[in-house]
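Have a look at these structures, which come just after this line.
Look at the two complexes coming up: chain A is in both, with chain B in one and chain C in the other.
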Partner chain A sequence: MADNGRKADTVTLTIDGHEVTVPKGMSLLHAAEALGVEVPHYCYHPGLSAPAQCRICLVEVEGAPKLQPSCVTMAQDGQVVHTESAQARRMRQGVLEFYLVNHPLDCPICDMSGECKLQDYVFNEGREHGRGREPKRVFGRDDFGGDVLYYGDRCVMCTRCVRFMDEVARDGRLTVVERGDRAVIDTFFESGLDGASFAGNIVDICPVGALVSKDFLHKARAWDLDHTESVCPNCSQGCNIDLHTRDNLVQRLKPRENPEVNGHWMCDYGRANYEWLNRPGRLEAPAVGRGDKRRASDWQHALHALFERLAEAGGASVRVVGSAFSSNEALGALRALGEQAGTLQAGVFRSRRAEDEDPLPGFPILVRRRDLAPNVDGAGILGFTRVGDDDGAGGLEEAADHDGVLIVVGDELADQDESFGAKAGLFVYLGTFDSPAARNADFVLPVTTFAEEEGTFVNAQGRVQRFRQGLRGPGTVQPAWLVLGTLLAALTGGDRPVSAADAFASIVQRHAAFGGLTWDGVGSAGAALEAAHA
Partner chain B sequence: MAISVKVMRRPEVGRTSYMRATLKGMSLTFKHMVNPTKVTLQYPEEQPDLHPRWRGTHRMEVHADGRPKCVACGLCPTVCPANCIRLVGGEDDQGNRYPIVYEIDEFRCIFCGMCQEVCPVEAIHVGRHFENAEYSRDRFVYDLDRLMEQDHPTTLLWDPSDSRSE
Partner chain C sequence: MSDAPFRNPGWAGNTGEFDLSEDDVRGATYAGERPAEGRHPSTSASYPFMLVERDPYAPLFEGPHRERYEKIRSRYPTAMAALLPALNLAQELRGHISPETMDEVASLLGLSSAYVRGVATFYTMYNKRPVGRFLIQVCTNISCNICGADEVLAAFLEHTRTELGDTSDDGNFTVVEAECLAACGFPTCVQINERYFEDVSVGDVPDILERLTDELAAD
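Now for the complex of A and B:
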């Protein structure tokens, strides 16, 4: 009788001849997924309600009088389910034929081609040749506003987009107009989706090419894109994303599922802001010398010279300027280097702040935060103080006139003039772009952006999240943690970090807030910091 | 290993006649004089008759209004085993998808003809053509205009019902 408690939580059923035990209340579709059996589906999406209207996930359940929609049929004890029986296959083939009655089959010019569910299912199980002889109805395309274009001809009327706007964005701007084969998705008023801040998600959840992104229109084929697990760098929510890259350029950002942070979604602001990662004109090689004496150099000579200068400067007062776009590894190494090189006066960073937050009503954990940088919280934990105004300007007066050692990492100093750092005994600038304010730098060292290196950010929930390298950096750029960690190791006589995991391990060692975390433990889903921080 | 030489025994000079072999050879010569088999082609006055499935340099088909037929679907750069096709898609002023950049590096091309076979709109073809000489190497990267200007006949697609093109 001790089994009773457990029996109440799980059910055991047979799917395609394999027995599987799943939690009670799970749908047949998910139970099949647990076995590795994909049941085709359009209208069902794990983040939305299940209307069971697309009729393609029907499966045969022994004892049931007819085929059952697997997305809304709950798994029951002793059920025997066939997803590949002759009846289920014949039904799917028939449903797919109906979907193709008016589908234009314009896969060559459709942006969804290659990741389209209609293409996949028809390729797997559809008829080899169409039997339709009648002309297809034609709608053309409709500009929904925002970043979204609608191709009515390709639509399979799954209504995922309508339900997303109703249930998750809670901003019912879309609806189905007309019925039968004249049914289309449409907006209500002239404004369409303009001003909706999460509408880009309907492009992701559209199973076919009916909703496409204007930004990505005709830009690249889906099969040409490389996907890299990353973290959205555009606000401190740190939505989990995939960088889609091609030709060493970011082509688009797509949300990656993480129920603790962003669910299946991301905001349009984050999605649209990726072009800065592709900006040309980067710093590519180290340079040594102040003002007009600046000369191109290489890493070996530059780091040797810098090490000697830092060793000479021992005991001087040190100021460091970090950036909320830098990884924890870079900021941790910067702080440690500042403490090692002399007396650290202050570590500061600047960051832009939006006027308000923008939450997603149907998934309240996801908020477009005020801080428009990914690692504001990480910088705070690592002992950096926020300075400057909400535009990310000002606040560097003390650093500008500092007369000791000044190290700037990642901040482009856009609002500073050429006198910045003129009085500094030693001014080191690690950045991605040259800047007039870096004119007085004794060392200009080119570093990678977050997309060109591995590392971690801490998001606004106090969650450490890893990002991976998606792009090759230009020239001889190096990750900032490697440059700073090498200098630190040379000053202390320790081992230099050879991977981001090493750099992470050293910040875990130095900062109690990261206590207990390991590089592998953070993994692709992230890990929460100690409650002490929150 | 030592080299061994095998000495052939031949009739001594003066004790054999070569007349029979000479006459045999001359008869063949005179036969060809009377009834010649032509082998040499008087190129360039005479052009060779290329096989219908000869695969030479590419050609892009155009619509009646002069636009390329290509819709920038990206299948030819995907299928190309030599990776010699560069394609950048975009949208023209009528809202059609079209190739902004379409380049084929004919040096890198192995003339397999898979681009023609995969093309869903019958835009790119390999041609029955072989006179490709140029004065500079960079002229061998054919851009879209060059491909549209080519006017030589195109290769016949492989026909499963007529597998030997007969």
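Now for the complex of A and C:
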């Protein structure tokens, strides 16, 4: 207590009968969270200001004349707080009844159903039966433009969306129009949200089904989706995301909180670009032989034959083409294999670049970067050089005419013609899709996309971030690090990697920039590279 | 002050201020000169002086009105704070706050148009569409309601031959429902432009409308 005159940095209070010590200045809502008690709330969001207007986080504080909004009431020494007292529960039930006065209860056709806070709270604490006899007022829906659709009837007027646009996107286009039961969220008449590049976040932070994604509309039920921790592959910012998948297809991307990278947010560009992960027509089985001699094979025979060719080629000149969409594990193994197989001439990759960056003004760490690929920085650290233009084309002249060993991983060679690699002594193509330019490949080996494997990327901040497997790969596809690592192990007589963790450990061993990092240490939140290399 | 014969159809006694002609109250001189006389400029465009029949496309904030705007703005620390009196001024000049007006006020104050729309729609005293020469606001809140406000409202609608919120064909009357007008001691209370009519019963309605029509004819 404060009696001893020292200024303490923490306060100790009692919440629901449990004593908890929290930093000074923490709200009751967060203090309760530290105890594992979730106080219901709508308007409060950790990334936004707290207007304390939804009135559902009210808790009983002993000594206070009335219930206090826990989102803005700071924890104090000796406070005794009850979140589950009869008074608090009765109040919440009353507030919920008001929320339902005009709510359509259209959960069966609402996209938010299953992850809706109104649904959860009413299910937990609401009245069993409504008492309303009056007809509900009806607004219908409003297309805000972009990916955002507004259902006014479902709205609880928490104004999270208005505050996000105002405080974080710094774009005052959303507002509350009218008042009382006529209040709706709207833009300036028909102006909409077109051109707002972070507007998709208002769909995420909407606690109910008022703001929904047009892309996701009626596509899947929330409880059918699997969530996989991943990293956004659409620019080098590497926003932490969850892949939401169903039926082995990515249904949508959602931001995952990481205060060091993306806060609670992600950009619309990243969010919208996931369909390529679902693209059909993949390479599914290894094939061996050039041009017309191409024959389907299996991994055992293909890898055995490839190992023999590589062993024969010992000392030859080697060129490798990587990709900024490949994991560090794949690129590290590619580089090591290139060095082992002969004299590595060059490792190159190509990547699309946007014309400019797009920062989020209220959270300036988050920038939609110019590099529209997730691992440009990782490729650079692992010794690959960027070639070609800003469209990710060109720059492969030397590789195309190379007469030694040529290994292409992850680059679809879309701008190259059938003469690519015609002079190569040995041309190995590891990819997800067949390509005319792979016609001369001696070995076509199908590999997984990042969503079908585990691995790491290095983002533009020099941060190593792990992604996990959300999809099953088609056919017999294998992760590139496994294919390359197996060949490398066969050439050197070492152990083959059996997990992405093994592959990561071998990069840490070979590249000083990764020094000190461990697979578990990178974890869900990522870890910064040594400052000297970042 | 006029010496016109006074019939009391139910409104407050003839204390003088209710006997101003429409011209006295809404005339350009009266509304326009107040800030120039050095009084509080923030109230210069507030009720009741803003229900002026004006050109909805009148230029905003030009000439003397520009000066009034500058004076208003100078009294507030932020543009947001100056928004209400700026909207008052705009409504005085144009009679109502159209989307175009919201947009103009927004760019003048450096606020987003959506924010101005949010504020303008929050307050019922900003007319979001043109109203008639007389805006008849009938209180239907509790006290008035139990004393027959619904019937009074119906009588106004019947005698002006309008629907709720619409303007009569001659452009004279718009009848709307109002929440409490703070005259609960004298139900039913009806506010017509800047004037209060208290203790209004159904039978008073034709008299009131007749008086208003006479005032128009006298102009």
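Methods note: the second predicted complex is superposed on the first by the 525 of 534 C-alpha atoms of A that agree within 3 Å, B and C clash if a C-alpha of one lies under 4 Å from a C-alpha of the other, contacts with A are read in each partner's own complex, and residues count from 1 in each chain.
Keep in mind that, in the parts below, contacts are C-beta pairs under 8 Å (C-beta built on N, C-alpha and C of every residue); 3 or more make two chains touch, one makes a residue touch a chain.
What you are looking at is a predicted structure, and each value in this text was computed from that prediction instead of being measured.
Student: Once chain A from each complex is brought into register, does chain C clash with chain B or fit beside it?
Tutor: Overlaying the two structures gives chain B and chain C room side by side.
Student: After lining up the shared chain so the two structures overlap, which partner does A:I109 touch, if you call chain B first and chain C second: first, second, both or neither?
Tutor: In the superposition, A:I109 contacts chain B only.
Student: Mind checking the angle chain B, chain A, chain C on Cα centres after superposing, to the nearest 10 degrees?
Tutor: Spelled out: centre of chain A as vertex, angle of 90 degrees.
Student: Mind working out whether A:E178 is in touch with chain B, chain C, both or neither, as first, second, both or neither?
Tutor: In the superposed model, A:E178 contacts chain C only, not chain B.
Student: I'd like to know which partner A:D224 touches here: chain B for first, chain C for second, both or neither.
Tutor: First partner only, chain B.
Student: Quick check for you: in the superposed arrangement, does A:D186 touch first (chain B), second (chain C), both or neither?
Tutor: second
Student: Shortest C-alpha to C-alpha distance from chain B to chain C once the two structures are superposed, in angstrom?
Tutor: Between chain B and chain C, the shortest C-alpha distance works out to 27 Å.
Student: In the complex, go through chain A and note every residue touching chain B.
Tutor: Chain A residues touching chain B: 107-109, 113, 141, 217-219, 221, 223-224.
Student: Please name which positions on chain B make contact with chain A in the complex.
Tutor: 71-75, 78, 89-91, 95-97, 120-121
Student: If you look only at chain C, which of its residues touch chain A in the complex?
Tutor: Answer in residue numbers: 99, 102-103, 111-115, 117-118, 121-122.
Student: Enumerate the contact residues on chain A facing chain C in the complex.
Tutor: 171-179, 186-189, 191
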